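Each in structure tokens, the structures are laid out below.
The same chain A turns up in both complexes below, where it pairs with chain B and then with chain C.
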Partner chain A sequence: MKSISLYVDKESFIHDFDPITKLLYILFALFLPLILLSFTVSFISVGVSIVLLMAAGVIRKTIPVFSFVFLVLITVVIIQGLFRPENETILFQIGPLAMYKEGLLYALTITLRVMNIVSAFLILVLTTKPSDLVETLVRKGMSPRIGYVIVSVFQIIPEMMASMSTITDAQRARGMETEGKLSVRMKAFLPLLGPVILGALINTKERALALEVRGFNSHVPKTYLYEEKTHALSKWVQAILLLLLVGAGVWRIFG
Partner chain B sequence: MKKQSMWSLRLSTAALVLIPVAVGVNYIGKLLAQLLKLPLWLDSIGTVLAAMLGGPVVGALAGAINNIIYGFTDPISFVYAITSVAIGLVVGILFFKGYISSWGKAIVAGLIIGLVATVVSTPLNIGFWGGQTGNVWGDALFAYILANTDSTWLASLLDELVVDVPDKLLVVLISFGIFKGLPRNVVQLYKNNEKIETLD
Partner chain C sequence: MNKIVVEGLKYKYPLSDTLALDDLSFQVKEGEFIGIIGKNSAGKSTLCQALVGLVPHFYKGAYGGKVFIDGLEVKNQTIADISLKVGMVFQNPFTQVTGSKMTVYEEIAFGLENIGIPRSEMIARIDYVLDLLKIEQVKDQNPFDLSGGQMQRMAIASIIAMKPDILVLDEPTSQLDPAGSEEVFQAIQSLSKQGITIILAEHKMEKVALYCHRVLLLDDGKMVDINTPGKIFSRGDLEQHGVAAPVYTRVCKELGVRKAGTSEFPVTLAEAESVLRGRKI
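Right, the complex of A and B next:
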């Protein structure tokens, strides 16, 4: 069964860092450009994230995500460049359409912001196994029940996709149309979705029983299957990230 | 039988296992909409259904977890978790107050939920995309309004409105239809009543 997470199983020093450090890095990459409000800082931040992604050996996996994001960003550049209300200075003209400086600068801000967020998140997503992330969060005090819920999604979705393809085949074998006009395709939606949902809901009963029998609701402190993995440098990295963030804040207020 | 408040945070095991199923249903709905090349997202059927079955708390949790999981395939989704939580909450409240009990009422509720989703999403769209939604039709309208008025907010609000309201309306109607078709023993499973806390 195909996994839905983007995690790439590899060996690299980025993979070795604990999820908390990576979460802190996201906060850092998110807030530093917001505090300092400078293009240079945003550029550097995006650059650092991309270098880290390359160091982790997962840069190829980022291409589908970035290409989807770029598709939207191109429309942002076009629309803001042409129509932004603050537009005044014409930068260049293509036929009857004029591209304005203000709109393009704003589009650049948006592009950098989105790139920055996406690349920082991708470091976490591509180099951390979802179950490791959840386990770390549970150690830090998240409810283990919620932890179970999150981990089990990764198990249930492939199951449901398998049952959906079975049902699609069965309905097609009975002669149901799934291609053609919009009205035909709309009509196909419910007979395909309904049985999957019903089956999944009925399964929850068994799952709930199985969990309760295994002491899901017991209040005894839970133990962990794996030992906690920490990198020797992670405390230092966390401290440096926090110091830089606080330093930037202080500089912004008093500088 | 004393009815427990819909805000109870003590979730039964059945209500908790409902959440991953809800996320799965969202995922399948979205996939199916893409497979059938429908022009809508239809990616919140699970959240709505979970809110109907388990109440606003389960709905909101399902919404939040849904977007956290989507975030693992598309990082921007993390941001829209707020919208999903709002959808789960509003559906749960409306349903448990009895405002989604017939097809007519479901239409009104669908419109309300579409409006709520629009109002919550618009500031997020402006903050992250300069006001666009990424949907072709909505963005064309966005460009048109931006060219003719000077309000990014109005353009962005309408951009989201034309996409979200039909989508959420259809999602609520589909979910209501599925809910009505569910066997009673399945519906009863998630009711958080003291009396039926034990399963079978």
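Right, the complex of A and C next:
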């Protein structure tokens, strides 16, 4: 089945780490550059994330994500370079448009921060099964209902898309035009929505019934099929990340 | 001992003007295998859901009379509590997939996790039901990638794994081929022999006649009769109630052959064979 999750099923030491450590790493990558406010730290942080992504063997999967992010960042660079109020030093000029040093430096900061956050998130998203992540969070006290909603989306959306294409085929078999000009396609879309939405509502009711009889609302403490995923080094990695963060904070305040 | 007691059960769905269940009363003993038959919209599914508490707790609507499961009144219990005693398998296997599990194995574990079964016990039970319903070979597949029949077996397996005292099955073999539905019936029968009480709504009359101890005939929400398959299928008014007797019974009715010493017609292949072979041609 087509999955809408970005998870890459591979064996690597990054995959072996538990989701909590990866979540902590995101916090670490997010706050360290904010606390230390230096280009070098941001560069190192992005670099570390990218090395980890390569170690996990998922670097190729990051290319589409990064290219989308860059598309957004280019506009930031252009706008900040041209129009930032603090702009003074002209770096170069193209016709009437002048690029300023201050704006470009500021754009570089933003670019690094975004890269930093995106790459840290990608480590979590690409190397953790959504169901593992949610199960860990439920163990830590998240409501199983919210957990169910998050995980089921990954399967039920593709399922709805599949039923949409079945209905499209059925309508086409009865002679409905579904290809050609934009206006034809738009017209073809409307009669599909009724069956898809109504069908989804009915399915939701039946699925709710099925969940009820499988004890979904039971008040008995939940048990789990799999043992909680932990890595021998998890505790150490978590401790080091926290220490580094606290250390950076202390250095920033007193240093 | 009576496992299920239904007294004057009446039920009307919200926004509906007619009674879906109209004054039903019957008892089911522990370990009995009861078939529910009747034409479409006779109330079979509603009755099944009334035994699990989905009627009235899930749908609301107007409810009268009493349903006792093991002495506990369904109206005063929550669905979660009743689901520990009564398991239910629905008609449509596609909507019984929870959608939150990536493999058949995990899918079966879903109910067990919710009711707090320890891990070792959980694994033993899953292995047992995978074998019972013959779906070990798909245990690592995604539930949505299964065929209709495999999905239906998985749905039954998921409920059986929860080890209910009473198993309610609403047309559990609608997606299965003849060989597959025979296998499922054999599995259900083996559970019945272990002492599990079984309630089965089904249109395949030959199977009902072969496996059920007693048959409950419903028409328009009213209970016409509850009796042995032989008595029910020998009734003269079956067609008025929208039900056709098993093909063996219909043949024997045409031929006018009854079981020796009774007024009943044969209802299974074996009975029909022995009666017909006994006749001199």
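The definition used in the following text is that the second predicted complex is superposed on the first by the 226 of 255 C-alpha atoms of A that agree within 3 Å, B and C clash if a C-alpha of one lies under 4 Å from a C-alpha of the other, contacts with A are read in each partner's own complex, and residues count from 1 in each chain.
Quick note on the criterion: contacts are C-beta pairs under 8 Å (C-beta built on N, C-alpha and C of every residue); 3 or more make two chains touch, one makes a residue touch a chain.
Predicted model, so just to flag it, every value in this text is computed and none were measured.
By the touch criterion defined above, A:I14 reaches neither chain B nor chain C.
Using the contact criterion defined above for the overlaid structures, shared-chain residue A:S152 touches chain B and also reaches chain C.
With both structures placed on the common chain, the touch criterion links A:S131 to chain C but leaves chain B unconnected. By the touch criterion defined above, A:F216 reaches both chain B and chain C.
Touch criterion not met for A:L104: it reaches neither chain B nor chain C. Of the two partner chains, chain B and chain C are each touched by A:R207.
If you count the residues of chain A touched by chain B and by chain C, you find the higher number for B.
Look at A:V58: by the touch rule set out above, it reaches neither chain B nor chain C. Applying the stated contact rule after C-alpha superposition, one finds that A:Y224 touches chain C and leaves chain B untouched. Of the two partner chains placed around the shared chain by superposition, chain B is the only one that A:L190 touches, whereas chain C remains out of contact. On chain A, the surface touched by chain B in one complex and the surface touched by chain C in the other have residues 148, 152, 155-156, 159, 203, 207-209, 211-212, 216-217 in common. On chain A, the positions that touch chain B within their shared complex are 4-7, 65, 68-69, 72, 75-76, 79-80, 82-85, 106-107, 110, 113-114, 117-118, 121-122, 125, 130, 145-146, 148-150, 152-157, 159-161, 164, 178, 182, 185-186, 188-190, 192-194, 196-198, 200-205, 207-209, 211-212, 216-217.
By the touch criterion stated above, chain B contacts chain A in their complex at residues 11-14, 16-21, 23-25, 27-29, 31-33, 35-39, 42, 45, 49, 53, 61, 65, 68-69, 71-76, 78-79, 128-130, 132, 134, 139, 142-143, 146-147, 149-152, 174, 177-178, 181-182, 186, 189, 199-200. Chain A meets chain C in the complex at residues 1, 129, 131, 144, 147-148, 151-152, 155-156, 158-159, 203, 206-225, 227.
Contacts from chain C toward chain A in the complex involve residues 49, 52, 54, 58, 78-80, 83-84, 86-88, 90, 92, 94-102, 105-106, 109-119, 122-123, 142, 144-145, 155, 158-159, 162.
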